[in-house]
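Down below are the structures I want you to see.
Look for subunit A in each of the two complexes below; its partner is subunit B in the first and subunit C in the second.
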Partner chain A sequence: MKLERRLEQPWWLSVAVPLGSLVVAFGIMAVILAATGHDPVETYREILDAAFTGNGAFSATFISATPILFTGLAAAAAFRMQLFNIGAEGQLYLGAVGASWIALQLGDRSAASTPLYVVAMCVAAGLAGALWALIPGVLRAFARTNEIITSLMLNYVAGLLLTYLIFDSSSYWRDTSTLQARAFPQGKPMPEASNWPTFGSEVVVPLGFVIGLATALALWVLYTRMRFGFEVGVIADSPRAARYAGMRTRRKILSVMAVSGAIAGIGGASQIGDFTYTLDGSTTGLQAAAFGYTGIVVAALARYNPLAVCLVAVLIGGLQNAGYTLQGPDFPSGLVGVMQGIILFCALGGELLFRYRLRIRRRSSAQGASGPAVEPAR
Partner chain B sequence: MVGITKRFPGVVANDDVNFEAAEGEVHALLGENGAGKTTLSNILTGLYRQDEGEIELYGEQVRFHSPRDALDAGICMVHQHFRLVEPFSVAENVVLGDHRGEARRIVVHSSAIENRVEELSSRYGLAVNPKARVWQLSVGEQQRVEILKALYREARILIMDEPTAVLTPQEAEALFGTLRAMAEEGKTVIFISHKLHEVKAVADRVTVLRGGRTVATVDAEPATLRSLAALMVGREIDVARPLEQPRRLADVRTLEVDGLTVAGDRGEIAVKDVSFAIREGEIVGVAGVAGNGQRELAEAVSGMRDIRAGSVRIAGRRLRGGDPREAILAGVGHVPEDRLGTGLAPSLSVTSNVVIKTYRRRSFSRGPLLALRRMREAAVGIIRRYDVKTPGPGTPVRNLSGGNLQKLVLGREFEDDPLVLVVAQPTRGLDVGAIETVHSYLRDAAARGVAILLMSEDLDEILALADRILVVYEGEIVGELQAGAASIDEIGLLMGGGASE
Partner chain C sequence: MNDTLLVVVLADAVLYGTPLLFASLGELLAERSGVLNLGVQGMMLFGAVVGFWITQRVEGASAPVLVLAILASGLAGAAMAAIHAFLTITLRANQIVSGLALTIFAGGLGLSAYVGTELGFSPDLPARQRLGSLDVWGLADLPVLGPIVFDQSALVYASWIATLLVGLYLGRTRFGLNVRAVGEAPASADAMGINVTLYRYVHVLIGGGFAGVAGACYSLSISPGWIAGDTLIGGAGWIAIALVIFAFWRAELCLVGAYLFGALSALPFALQARDVDVAPEFLYAIPYLMTIVVLVIASTGLSKRRLGAPAALGIPYVREER
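Showing the complex of A and B:
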């Protein structure tokens, strides 16, 4: 039994492999569920119900899917150039900081137009996220530091900044209007007009999700139909070939990091505008949700394809949402985590099968005893 | 080795090959690129397993399941590309992978190993310091380390794969002395080469391979260069280069290099105060042993490397240097040494690679949007005109053979109508047919007025193509010869730094 590199990857594999991985994951999980005394079939039915088919399930799923759609796109945008921006987490916090600042500023000037708020919040959040992402970007482009480490470290810095703004200072973001708010720190509530609208009544779709879909489409066009994406593809495949062809690799590192950070930042704006309506500085809120890290999983499962990120985000969002519903006295939350871990594990294993072919053959019978499958050297 | 057959997908690399070598002889394995020499030696060293046939060693039939089996049987090979760990010392490299006695202990007893290495190197005339780090050594010295590795393991059979490709003629002479000394001690040396005069100089007997088959085994003594060449290519050929009329060239200096100084990868001066000019339609060959500044010179002219001092002018326009885009726009085409990885992006399609330099032009993009259809048409055009064998323009170039990769690169560079073409090792690793094609493409380009700077380690190639030959040694031009008047001996002497002595 051995693995051989596939020379070409048929298109249907890119659909069959992720689906197959999911099936295998659910198979393994069924064994674990049965071993821990849960009925797998019943559990899966509950998951399906809570995530997609139940009453209001899709609305809840969209709420979970929206932030990881943004962070998934952010990761996909950078990873496509082999630029491993692990910092979507921190870039999202910074986006939330930027979006809440502009919303509060506009509120102070008593602006009332919601579209104005939405645009201003997205721009401010995008800028904040992009600038935060440019720190590892500049370091990578000019000092050749490893962007994985720098962007990861900056996540903790961003988290501490968030806590500092609400808990450890009397910053512009902190609500100090009432005695209670001074004793129990919290962020200022956003002005009413800054709350983002939703679509639909049966199934409620937040505006952030729609913006995310539009971003995905734009990103797809950027990466498959435009010069920008062509350059990214060459740099990803061979930096030497890119230099040979006269491409500006440094500039591209900066712009890809900026794009990636901006998308994650807009995800932060969506958190403020769509859901929390205040800057959440606690370590149990935004910081515990780990949207940035989940986004990496989403991007990996979608094989960095922006359009596939939309689908995967909804799928993973549904699973997370179902996790909240499932966990209870007889269903520990750890088991939910195990399930998500198994899915990731199988997806990464499937990735291997996508690039390599498994060949099974009998051990050295008289005819089959040929040499290792290496290229003929002449 | 009797009746050895080895098939690879699409080719039979060895077809019923018979080969035998005696104790105490230097036996040459002669054949063109692709004749199956390397495959045969890879079978003998256990790297491949034959599909059919038997191997007998000292009268006993053997079956190798891995390279280690072959090593244990006393067969060592010195590959064309050395298998050395650069940061390690010579002594460490020598014991690396040896799993007997001294080397097997957890604590490596280095002084004992060093003494043994020293003793071996003085006995066989392989001057090298056992304490030196491999990266500090010249290519010739590294090769000696490889031979020491074999001697240390008490190899009875030593296979040398094209050992002189990286050596000066003088270093090669010294190597031949070592090989003769080993043979006199009763060892067997198998010497793989496609160079007739070397085979004649060092071997006792010669086995000639052609197209994967054994053609003949002859004694080296009575054989002539002409008779060996005839066996190798299957017809009588003229060993001497046909004399050509010097071509008439317009007096337009397309490329002017003046006082050029360039740093190498480690910051050392790799190209020292080099000046020359190439006229419209002229091919200038740069001859030299690998690592004497050819690569750095090519990269400086094509903008891949910074210019430390001096100037490069293309049709009178001075380049700032260190910027490939600037060079491309000035009209410099570049066929790099490393085709797959520098010249081409391996996982991308033929189409993407065809437009990799020109995607910014108006013909392939409307504003920031790419004109995908026109890109594809351009790729189809190049595939057709330059006879690139590929399943289609969407195939990743990684799946193409070496010859087709080179045709693709050449096609792309020619289509851009360059003024100057920098060509490095254009035929390395290609088979005979592809070499012919590449040479004719280069001649055609020169005929159309392109000034060509040709770097090649293959002297025959330079003699076959160049109008004028520059010889480099340690980053300096040590000689300039007109092609018609140049002799291999003279160039060889210059390549080895002979001019200064």
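Showing the complex of A and C:
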């Protein structure tokens, strides 16, 4: 067997390889399930039912898909420039903090002012997320500090900040109006008009998901149809070539980090506006969902293509949703993480087929087991 | 005088620094061979759950069971590392994404939680075995040095031996020299007849073994037991990766860094025990913020010449494309 470098990639590969990776991943998972005493066919049927085909399953899947659509886009935006922003998790928290702040600031208004809330919350969340992402961005651009570790450390700090705001301080976000709320810390409820609307009745689509789709489209235009995206591609492939061409790498690092952080931040706004209607500081709520890390799975499986992220987010969202619904003795916690990990491994292994062609040929008798023949000099 | 804040923090610095030391030594070996493994967090958690599993299920005297548990943790970590090795070395996958995938796969929301719940472990399950402190030569009561140096668990002394061995191995042996060649210039190493693939596999696997043992430090010694999620180890795996950069890829400096961060991790508990009136979140955030500060220092002033980073770190080696 021999690997040959592909000179061009046929178009069908970008559909066949991810699909093939998924099939292989579910195959491996079936073996693990069977080995631990679960019936794989039955488990898969339950997952499919809970995720897509069951009654109201699609609506629940959209709830799970919305945050990871945002974090997936955030990861895709940064990873395309080989800028590994692992901080979408923390940027999403900060977005939630920013969005809930502005919604509380605006106070109670009439139901007609919901669009005002939506816009204000997205802007505030985007700013908060972008600023949080700019910390590792600035450090990377000006001190060449590894952005993977700094952005990750800031996730822990952001989580602690969230807990502090609700549990260990009398901050602006904390509800201290009643005796009960003082004893059992919780966030202030958002004004009624700031709750985001939903679309559809059979299948309920939250506004956040629609905003996510629009963001994906905008990101796709930015990265494939504009100079910005071209420069990002050049910097990713060859930083040296980019520098000789006069591209401003530092400025690009800052703007890509800001874009990535802003998208993750808007994901936080959607959490507040679409689902929780209050800032959730507990370690079992927002902080336990690991939206940021799941976003990396989504982005990698979509091969960092913003439009593909939308599709993959629904797919992985379905899996997440099935995980919540089915959790119990037949469906232990951790199973979803294991599945996501295997899917990601398979997608990564499949990358090989994009770059190389497998050629199977019989070993000729002249060429022994000692290794490949000497290559002619290039 | 052995219960003054300073002595308590220093003694705990060694306790909390030991898993960091094991994990960073493992990452050091992998990175010196040219493979970045960001899956430390996942390998540690899986090692932790496997070690705890052995102590809960194997009957027998304490010492042999604990030795078996630590060995099993190491094997568990190495098994996880094998996935990363196969993907990055054989299939030439992106090392960063593969490492993140390993953390998602094996980590607090993945395999370690799956195994833990399948085996029926819960946070209130009492640990049947724990690694106690050894009281070496009866010197534990010695002022100041007693609790810090002579009253630690066997894993602490093992970590000192491991540091010495890794340092000597990389600096003074032919194999260690070969590893460094593989990490700096794989094409030249290949031309010298060194099997690049084999060296990378072996060191990624050994690195995983170290990470697994680091996980066992938590589930057998620091807080014996099992909690699903990241709670057991916090962000120790990521701090260990940062330590390797901070230590300029040298074993002896890993020891210094590990104890520095061990002290920072121990400080909140020591201060809380003394009723210091600061919100605990600020104290818990210190190790994470300090990691960032230390990384910035390491990546600017001191490393203008990129001190120590293996030149081929993160780059897959393909013979045909050199």
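The rule is simple: the second predicted complex is superposed on the first by the 354 of 378 C-alpha atoms of A that agree within 3 Å, B and C clash if a C-alpha of one lies under 4 Å from a C-alpha of the other, contacts with A are read in each partner's own complex, and residues count from 1 in each chain.
To be clear about the criterion, a residue touches a chain if its C-beta (ideal position, glycine included) is under 8 Å from a C-beta of that chain, and two chains touch if they have at least 3 such contacts.
These numbers were taken from a predicted model, which means no experiment stands behind them.
Colleague: Identify the partner contact of A:333: answer first if only subunit B is touched, second if only subunit C is, both if each is, neither if none is.
Modeller: In the superposition, A:333 touches subunit C alone.
Colleague: Would you check which partner chain A:157 touches, where first means subunit B only, second means subunit C only, and both and neither mean what they say?
Modeller: Second partner only.
Colleague: Of the two partner chains, subunit B (first) and subunit C (second), which one does A:109 touch, if any: first, second, both, or neither?
Modeller: Neither partner.
Colleague: Given the touch rule stated above, what does A:238 touch, subunit B (first), subunit C (second), both, or neither?
Modeller: A:238 contacts subunit B only, not subunit C.
Colleague: Looking at A:246, would you say it contacts subunit B, subunit C, both, or neither? Reply first, second, both or neither.
Modeller: first
Colleague: Regarding the shared-chain residue A:228, is it in contact with subunit B (first), subunit C (second), both, or neither?
Modeller: First partner only, subunit B.
Colleague: Quick one: subunit B or subunit C, who's touching more of subunit A?
Modeller: Between subunit B and subunit C, the winner on subunit A residue contacts is C.
Colleague: Using the superposition described at the top, list the residues of subunit A that contact subunit B and also contact subunit C.
Modeller: Touching subunit B and subunit C on subunit A: residues 372, 375.
Colleague: Which part of subunit B faces subunit A closely enough to touch in the complex?
Modeller: Those residues of subunit B that touch subunit A are 6, 8-9, 11, 13, 33-36, 38-39, 42-43, 47-51, 303-304, 323-329, 334, 336, 338, 341-348, 352, 356-357, 359-360, 365, 368-370, 372, 395-396, 399, 431.
Colleague: Help me check something: in the complex, which residues belonging to subunit A touch subunit C?
Modeller: 5, 36, 79, 84, 86, 139, 143-146, 148-150, 152-154, 156-157, 160-161, 163-164, 168-169, 288, 290, 293-294, 296-297, 300, 332-338, 340-342, 344-345, 348-349, 351-352, 355, 372, 375
Colleague: Could you pull out which subunit A residues touch subunit B in their complex?
Modeller: Where subunit A meets subunit B, its residues are 7-8, 225-228, 230, 233-234, 237-238, 240-248, 369-372, 374-378.
Colleague: Given the complex with subunit A, which residues does subunit C contribute to the contact?
Modeller: 38, 83, 87, 91-94, 96-98, 100-118, 228-229, 234-235, 238, 241-242, 245, 279-282, 284-285, 288-289, 291-292, 295-296, 299-300, 319-321
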